[in-house]
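Labels run A, B, C and D following the written order; every chain starts at residue 1.
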Amino acid sequence: MSTPSQNSQDRSANLPPAPDVIRAASAELIVSDLAASRAFYVDVLRLVVTEETDDAIYLRSFEEYLHHSLVLRKGPVPACAALSYRVRSAAELDVAQTYYQALGVPVRRLSAGTKRGIGEIVAIEDPLGFPVEFFYDAEHVERFTQRYDVHGAGAIARLDHFNVVTPDIAAARSYYEGLDFKVSEDIQDSDHTVYAAWMYRKATVHDVALTGGDGPRLHHIAFSTNERHQILHICDQLGALRQSDKIERGPGRHGVSNAFYLYLRDPDGHRIEIYTQDYYTGDPDNPVITWDVHDNQRRDWWGTPVVPSWYAEASPVLNLDGEVADIVERVESSEAALTIGADGFSYTRRDDGSKEGVKLGEQV
Amino acid sequence: MSTPSQNSQDRSANLPPAPDVIRAASAELIVSDLAASRAFYVDVLRLVVTEETDDAIYLRSFEEYLHHSLVLRKGPVPACAALSYRVRSAAELDVAQTYYQALGVPVRRLSAGTKRGIGEIVAIEDPLGFPVEFFYDAEHVERFTQRYDVHGAGAIARLDHFNVVTPDIAAARSYYEGLDFKVSEDIQDSDHTVYAAWMYRKATVHDVALTGGDGPRLHHIAFSTNERHQILHICDQLGALRQSDKIERGPGRHGVSNAFYLYLRDPDGHRIEIYTQDYYTGDPDNPVITWDVHDNQRRDWWGTPVVPSWYAEASPVLNLDGEVADIVERVESSEAALTIGADGFSYTRRDDGSKEGVKLGEQV
Amino acid sequence: MSTPSQNSQDRSANLPPAPDVIRAASAELIVSDLAASRAFYVDVLRLVVTEETDDAIYLRSFEEYLHHSLVLRKGPVPACAALSYRVRSAAELDVAQTYYQALGVPVRRLSAGTKRGIGEIVAIEDPLGFPVEFFYDAEHVERFTQRYDVHGAGAIARLDHFNVVTPDIAAARSYYEGLDFKVSEDIQDSDHTVYAAWMYRKATVHDVALTGGDGPRLHHIAFSTNERHQILHICDQLGALRQSDKIERGPGRHGVSNAFYLYLRDPDGHRIEIYTQDYYTGDPDNPVITWDVHDNQRRDWWGTPVVPSWYAEASPVLNLDGEVADIVERVESSEAALTIGADGFSYTRRDDGSKEGVKLGEQV
Amino acid sequence: MSTPSQNSQDRSANLPPAPDVIRAASAELIVSDLAASRAFYVDVLRLVVTEETDDAIYLRSFEEYLHHSLVLRKGPVPACAALSYRVRSAAELDVAQTYYQALGVPVRRLSAGTKRGIGEIVAIEDPLGFPVEFFYDAEHVERFTQRYDVHGAGAIARLDHFNVVTPDIAAARSYYEGLDFKVSEDIQDSDHTVYAAWMYRKATVHDVALTGGDGPRLHHIAFSTNERHQILHICDQLGALRQSDKIERGPGRHGVSNAFYLYLRDPDGHRIEIYTQDYYTGDPDNPVITWDVHDNQRRDWWGTPVVPSWYAEASPVLNLDGEVADIVERVESSEAALTIGADGFSYTRRDDGSKEGVKLGEQV
């Protein structure tokens, strides 16, 4: 029987070269009410508006100099319309086109300006069912790194990563390894079932996280701040606005990635993570960390229980024709079922007996 | 029918003067295993050991110059053995003795040195059933305010307050008003049932919080840090030690008091709050804030649900003979029953309908 | 020969009771250009505008609920027009009037509303030559403690203290001791010449600091933030606005008071300190700390040299007729001359020889 | 006449391929007293000791998993003995050897273990005169990222960069461009004289900074923290230890790089920077920022003057035979002479006249 990584090598042996991806660069979300979305992304999160049209808002964060890292587009069904990776040069677009045609997935070439501020794009439906775009050229705009006069108390610095829900983590990992993404961390059980994996091109813990579940769905996109107090301020501000129900989970410290985190839900329920201080992964021998799915500190280093909605809910995605993609169910066991609730099992100290070390005050 | 404050005035009219209390100053906890407690209070919380004997450890935090603000004493039943208030001068001890004798509660006078590092003490069982001590004289030790060479990343600065569980908040408030404590904030419902009240002598939100429930029980004692990252570090450190199950609730931002908080449980289950950045209350007209018991942000400004154990569990207290005090049940309605679980009701925005605005991912 | 404190006792024995001061509460500064001052205090420091007229702006910070803690008034000569202390009740105004009449200094009683938002005022020229006001009644306005939606990244919480330049520190200290202010810290030399003293009513290091020099002049007024990053942001923002020349000294850590600090100069040269995290002084036996004037870490715990302008420059003050008060020269030796420059002497480690331990890179 | 970059292209056209450098990875400093150095690097900076011998200490910071990032070796003359870059694979060592032999500089191949914990090394004297080592293989040790139980309040996360003093910045830049380092920022005057340049391989502002001056000398090595309060703590701790004279410059915010910084001097005068929060530079079109040498905010965003020692002093370097390398004087004009002191010129606002906008309280 072949392992996933052997599959990957076998397949890639027959494939043309994969495009050289730099990093997760931009996302496009369909929202039902632009004004409501603007109130969240601009008035609360203080993302910078690069451009605004009747049906879309183009946003970036303070250290970004490309035209946008987030597009909010008005549409009938809240969904993820695109996840965009930047490639190392315009020539990589041809590489991408050839590669995905060989993979046999839908591929379209969009001329420069089809998406505002962005040059030519190769848009595909990836083998996991996600609408993914590759681009190199983009309009440069002012980098607000030192514009402290407009930074708010919750200043957001960069788009950091995507987190996608997909039923078969081994297959998804193999696909991303084909694009030369490397695994930094994953969650497994003793039978080597993989529940989630974190994969990167830029020298951080991830550009994309793979979360096991019914998919394709977008679990969240994540932006980074420089310090933790900026994340705490976002919570305080949502409290002041009586919108604390937009806080879904956190703030807390991840076990996986070691980052300090917060999960918000936008007015359409799209999940946004605010994230800071994972670690450098840029050396070729960066150690891979595997977490036991039953380890109570893997998802939150402080043992705070994960709320069920965080496991259950995610945004649908659109295919290249703008239709909501069909969902494939996960067959393997569910992290949520294994670890929370009446049947779940988790531990804080590895040598504790079953059910030991469960956090005081556990609610379910 | 007289109101509680009228009762208070009536009663105080017939009472001798109350002692002039400066602040909450020290607590004594009975613990079952000194070594386990030391690992928590000294190795994790990094409290400074002033003195250590076979059966007790005397601790202080970095900005304190009196001998101790916490005594851990080995004993058969984990309990609170004393809550100590400092009075403004040694002469106030006579005032206290006379006052409590007039109140008709048990009063004992302890000679200097009965408690290490502390001068003469007037020990009483207060009308709420708590073992309370008053003292003025105390041994001065080095104040470690600028001993940054020994401050850890989670440096604790001061003892801040006590939180006591007592069945009748109106009566408890009236008693403390007799001691010239003032209310900064409270939690009520539309029928004026009071669920909790925060009362102070020093110019902060509280020296003592009154929490409605079966009592007398000690809900928690609280220490302050100077900044929030110091509280976050304590969480991170407990994660590193695989003791995250000692984190009961938080970190978060309180609605009441506005302080940033964390609740820990020590090895015997005594609850310790780490707390920072409430606000100045020292002016005579400091506005009193009343919170609606159904306001989802009163206990946590970010709307994070309070874990049931936080409402249900508390430490027993000892009487002056060292026996565990009997518990009186609360008759009025319970904040926990009203606001969490299947029957509870809470709102985030006051004008929302019932059950609206409940935090996403609510677990119960 | 009597010591200053004996003088104080002798004098106070013959004086009527002094008013019961709560704290430093407000200052009024004459500025030459209201728009320029507004750009600094409102657009940069983000103080909250309570009220604004043709010739004045009334400002408060986020945790204050009285009408204002700073008045900027347009006038021909930049100066300090008033330092206001709040007293414990309206009845204390009569006490103040009687007290200052007995002291033989100019006293005026201003009816409620003479100063916007403030009730009756007793205005005096204090024995040090400063225009000082006492008030109790004041209009309450919204306390923005939890209005995180309007807090900027450099959110200022409270007015903390005044710092006044006066030639005879012993006399000034004696005067303030007559008002029941206590000393928390001072700077002396081995001959007991006192160069500065910090005195408080509220339970912090000071409500007023006395700085030896030609006076009466206002050295600075200070506002507090809750955390240090808020102070750092103010610096970053001034950099972004290309106004870094408004930063005179710091940020740094004071030796005296242990507070983290920053000194700014407003458009008229009035000095504003932003300050955080001194320590609790509310117990009667709070230890007094005396620093050696030659200790290199007294003014900055990190040994950063004090810039000469900080010693030399200060704002003139007005008398009750609105005229600039005459300056009396300091006779005793100057801290600046003793400790910086070619003739100065300072040490980092007490047992080092002269000139040892001077900070690397010392410029003068 | 050819420009430096043309030179670079010309030369590189004739050169074999350059080795693929990942990042600045390690430095070796000769110190005169290991115990004194240990007190600084281990007891104050809390670097982790991987290994210790009679004549050397091998240190790493909390997020590093290679054997060391700093070697302190006892020797007769305090100096820099090596700056080490990690290459992408062991095969790159051959590439490096061939490349430097073609460049005509001294090259030595050291077998694995010659330096503890490190595999084979190619050691060279680079064209600027610095002792530089390339390695790939290294012993993995525990990564302390989540060992919060041993992180101090000033926890250092990573080695970030080297800063070298060299007389001819154009030549030095050209040399590093030959190694595929890119410029992120530089300092020039209107005549295009370059005073300093920042160059990177990893996706930060720099792995190496080139500072114009007499060289080869090591200006400093820099370590990163995750947050700014950790840097502030290091200052506070040095104050507590009465070693504030080890603080040479800062803390402050750099204009160049935007990082928050602090410069320390170790017991031998080697300069160590503690640094945090520069920005991502990993995209191929990362905008290059050129600062005017007269811009008062280039070196410190808050306009704090640079102390003269920071410009004047640096550590000598050793050649491959362990002898102190000869110094070549800089011919072009000096940044220090141009911008500080009696003859210097700088501005805060570009449109101000000469000498305008100089920071208040400027000392020289």
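Just so we're on the same page, a residue touches a chain if its C-beta (ideal position, glycine included) is under 8 Å from a C-beta of that chain, and two chains touch if they have at least 3 such contacts.
From a predicted model like this one, the values you see are computed outputs, not experimental measurements.
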Per Cα centroids, the chain farthest from subunit D: B
Contact-richer chain pair (by C-beta pairs counted) among B-C and C-D: C-D
Whole-Å gap between the CA centroids of subunit B and subunit D: 51
Inter-centroid spacing, subunit D versus subunit C (mean Cα positions, whole Å): 42
CA centroid of subunit B to CA centroid of subunit C, Å: 34
For subunit D, residues that touch 2 or more chains besides their own: 146, 227-229, 236, 239, 255, 301
Residues of subunit D that touch subunit A when the two form their complex: 22-23, 63, 65-66, 86, 88-89, 140, 143, 145-146, 157-158, 202-203, 226-228, 255, 258, 277, 279-280, 282-285, 287, 301
Residue ranges of subunit B in contact with subunit D within the complex: 146-153, 155, 227, 229, 233, 236-237, 239-241
Of subunit B, residues touching subunit A in the complex: 228-229, 232, 235-236, 238-239, 242-249, 251, 253, 255, 260, 265, 296-297, 301-305, 307-310, 348-350, 357-364
